[in-house]
Structure formats: C-alpha cells, structure tokens
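These notes are about the structure you will find just below.
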Amino acid sequence: MLTIKRLSLDDARTLIAGASEKAREIGVPMCIAVTDESGNLIAFERMDGGKTTSVIIAQDKAFTAGAARKATHEYNAANVPGNLAFGINTEVGGRLSSVGGGLPVIVDGEVVGAIGLSSGTPQQDMDCAQAGIDYFLGKRQ
Amino acid sequence: MLTIKRLSLDDARTLIAGASEKAREIGVPMCIAVTDESGNLIAFERMDGGKTTSVIIAQDKAFTAGAARKATHEYNAANVPGNLAFGINTEVGGRLSSVGGGLPVIVDGEVVGAIGLSSGTPQQDMDCAQAGIDYFLGKRQ
Amino acid sequence: MLTIKRLSLDDARTLIAGASEKAREIGVPMCIAVTDESGNLIAFERMDGGKTTSVIIAQDKAFTAGAARKATHEYNAANVPGNLAFGINTEVGGRLSSVGGGLPVIVDGEVVGAIGLSSGTPQQDMDCAQAGIDYFLGKRQ
Amino acid sequence: MLTIKRLSLDDARTLIAGASEKAREIGVPMCIAVTDESGNLIAFERMDGGKTTSVIIAQDKAFTAGAARKATHEYNAANVPGNLAFGINTEVGGRLSSVGGGLPVIVDGEVVGAIGLSSGTPQQDMDCAQAGIDYFLGKRQ
C-alpha cells in the first residue's frame, strides 16, 4: 500500500494568493491553476483581465508539472530538434506543456502538487509561479 | 458593438463560498466551478475529498449553464428518447452536460455567468449550486 | 471521374438570409451554419444574442445533414434504445448530431449542402432551417 | 461585475467584407472567420475556391487572436526552439495558432474580437486580415 502526500485546498489557496500578489505587483492579470500530484485541478483563479486561452494553458502547465514532476521550462529546454525528447509537447493529447510557467510543489523532497500560470510572458509566468511557491513554503515554516 | 456583463473574480469567489457552505452543511465535499457568460472558467475549488471525475464534470456543468443560458437539469428533462433534443449530452464535444447541478447566474435579467457542482447526487449538486446563487444575490442587495 | 454539385457562398448566404428572417419573426436569435455536401463549413452567422454553445451545435447539425445526407431529426427518430442505430449520436467523435435542426439542401434530387440551426427549441431550429431552404429554393425558380 | 465590449454580427460582416475585397484583389479565395473577445465564432465565410483545411485554420487563428489578445504572427516569432514559449502552438488542444493570419480587433484600446484568414500564404492571410480591420475602423470614424 502506498501513502501519497497531496496539497489540500487550503494549501492551493495559499499558493494562488502568493502568485496573485506577484502578478498584481508586475501588473499582469493571470490565470492561476493548482493541481495535485496526479495533475488533477484543486483550485483555479482567473484574475480580472486574465486571457481566455490561459484558462486551459495554466491548467495544462500545472497538470504537466504535477503529473510529470518536472517544471515545464525543463521540458522546454529538452524540446529542441535533435534532442530525443523533441516533440514532447504533443504528448498526452497535447496537454503536456513545454512552455515556461508550470512548477512542481515539493515538500520534504516529494512532489505534492503543482502550480501553473499563464497570461504574461513565460518568464513572468515562471516568476509568479515561483512567488506562489515561496509564499507557500514560507507559511509552512 | 455589444456590451456584455460578466462576473468578476470576486463575484465568483462569493458564489463558491455560498455553495461550499451548503456542501459542508450536508457533509458532501464538492468540486465547484464558476464560469463567465461564454462558459470560460473564472474560479474553481475542489473541497478536500471532492471526486476527481468531478473536476471536469463541475466545469462542464458550469460551461453548459453559462454558454447555453440554461440549467443542466432542464437539458436533463429534454434528453429522453423520442424527444427532439435526445442526444444533446454529446454535443459540443461531449461538454454539454444534461446532469443536474449547473445553474446560470442571472443579474438584472441577463446571464452573467454560471455555477456547476459535482460530487454528490445531482439533487445535492443542484441544492448547493442554488445556495451559491442565493448567497451571491443576497450580498448584492 | 465524379462531378459534384455544391452550394456556392452566394447560395449559403441566401440560405442564412431566409433562416434569419424566420428567426427574427419568432424572436429567437440563432446560430446558423451552412455546409457543403462533404459537411465542411461554407458560411456561419451568430445573430446578436445567439447562444455560445450553439456555435458548435449548429455546425455539427449542418455537418451531419450534409455529410450523412439525412436530417438530424431523422437520426433522432432512429436514436432510441433497442433500435440498431441507438447511440449514433456519439459517432464521428461526437459530431454526428441527433438533435432536430439540421436539414440537407437538395437540388435536382442531389444533396448539395446542408443548413443547421441552434439556440431555440429543436422544433424552432427545424422551422428556421426549413424557412432557409424554402427561401433558397424559391429564389432558384 | 465586469463590463465587456464585443463585436456585433454587423461588425463581423463589415470585417469580412473588407477582408474579402482584398482577397479578390490579390486573386486568392480565402476562408475568413470573425470571433468575439472570448474566441467564439460570430461569422464565417469560405469564398468559392477557399481551402477545406482553412475552414478550421481560419477559425483557430481568429480564436487565438481574440482569446489571447495577440496576433498569431507574434506567437510565430516566439515559437522557436530554445525560446521559453516554444511549443505554444499545441496548447489549448492544438487550437492555439502560431501561423500568421490572425489579428485582434482593437477598439478604444480594448480587444473586442478578432479576425482570422487562411488559404493564401501567411503573409497574404495577414494582409487580408489587416485590410478587414482597416475597412472596419474606417467605417467607424
């Protein structure tokens, strides 16, 4: 029998709060998704003005980071012609995202969920995702 | 040019708060989705213990109620063999839901979004959706 | 070698004009799609106030009526438990519609395209589809 | 509550008329799609001779430009190996287009919809999309 650690809804809200704060700071309304370690959605918020396409993209980034236990920008780095992982972005029916902005949430060395953002540049999405994780981990100390 | 009214993120949070309260009261952890008037997700929460299938079902119910401006239980009533609407549940790539639990949110006679719940019986889902709307409309007075 | 007769864009506009006129008459803003004999879209209009779900549903009804050369309400009649065609509405990736409102357009005994409507009751959708065809055929005399 | 501006059907017809005129001028029959600000189709025309694949491509370009509030050729510029946005073209179930020819329609600084063309070279598609917007904005003055 396995025992799985998984983000709670309260944890997900904390992650979103930290990411939103950063998004407001840089002035980019974001779509923010938090999934569990299996990639299934726990919580989602589209800030007023977030992009409609980002509703799905944010979820797919969090899905990828949680279910594959890997940041989407790491898939991005591997997704180059000639590399054996090239084309990975069309896997899982196209849900596997190789666009920066999805990060696994790691507690005690274990991936317990993930956060994905979309609406800014990939770098802005990554920065806000990281801000969400920093805020969440800071609260746990 | 048309002018459209749409739920804000704050409105969506209020709808979820009201529905969650009812779900806690009846002891059934729910997945709760709120979409805009075009069916695109604004906010989502899976209460701890909510079903994984319900992550999609709640979203599809809210999508249907918002984008079709009709409660999913009304589609349910029409979706019987021999009725001209039979089979409606497989439309829009299967996203159109004819299972009770999705309600349009109506303000000043206009559909401005929708709420969809899943994890209980359809009647429980409908009761919690209605509780969310009652709470939201009560706050607006 | 085969020779195929197919609606032109002008023909499609005429079909939409006739259907729109009827939709205005009954006071139901509709989504109206016209496809060719292969089920591929030629023209589409969403009247102001037409439902967002109907954007796809109208297209799928016209697709079905054109590519299957059969009215969607005829599939509806066959799509009953126990009938060998039961479940037909999930075919072609769910695009085959068994909801009334899609009609083939027949010229000289040949299906040259189709019209599909959505946003009203199936009967209203069917009436407007028929009005579009009547208007189109009347213009050809 | 948010207030959203959206193209009407009349606006969509004007955009298509302007784009068609340019397409006739350069002698390339096009598929032309106009969506609202959420990416949902308002109007579509396939000029006689337009490509069948372009029925979907034109719609996806307009969907992208409207729902992401960004020209598809801007996604094209970002969609190169090594860039953090590489692979963006398979997002949203593959509907996000990074092929030139989709432009947002901006009125008073707000994206109110989009136009997408397909059947020519991407540059021809872009030129006709721009012609549609120029014609539409000219009429508004």
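We call the chains A, B, C and D, going by the order they appear; numbering starts again at 1 in every chain.
The rule is simple: contacts are C-beta pairs under 8 Å (C-beta built on N, C-alpha and C of every residue); 3 or more make two chains touch, one makes a residue touch a chain.
This structure is a prediction, so every number in the text was calculated from the model and none was measured.
Visitor: Distance between subunit B and subunit C based on Cα centroids, please, to the nearest Å.
Guide: 29
Visitor: Cα centroid separation between subunit A and subunit C, in whole Å?
Guide: The separation of the two C-alpha centroids amounts to 42 Å.
Visitor: Counting only Cα atoms for the centres, state how far subunit C is from subunit D in Å.
Guide: Averaging C-alpha atoms per chain gives centres 25 Å apart.
Visitor: Could you say which residues in subunit A touch two or more other chains, in rising order?
Guide: 48, 52, in rising order.
Visitor: What's the contact topology between the chains, one of line, ring, star, complete, other?
Guide: Contact pattern: none of line, ring, star or complete.
Visitor: Sort out which chains touch which and give me every pair.
Guide: Listed by label, chains in contact pair as A-B, A-D, B-C, B-D, C-D.
Visitor: Taking the touch rule as given, give the residues of subunit A at its contact with subunit B in the complex, in rising order.
Guide: Going by the criterion above, the answer is residues 8-9, 12, 38, 40-48, 52, 55.
Visitor: For subunit B, which residues count as touching subunit C in their complex?
Guide: Going by the criterion above, the answer is residues 2, 37-39, 64, 66-69, 81-82, 84-88, 90-94, 96.
Visitor: Could you please specify the touching residues of subunit B with respect to subunit D in the complex?
Guide: Within the complex, subunit B touches subunit D at residues 1-8, 11, 36, 38, 40, 107, 112.
Visitor: Name, in rising order, each residue of subunit A that touches subunit D in their complex.
Guide: 48, 51-54, 56-57, 60, 73, 75-76, 79-81, 89-90, 93-94, 97-100, 121-123, 126
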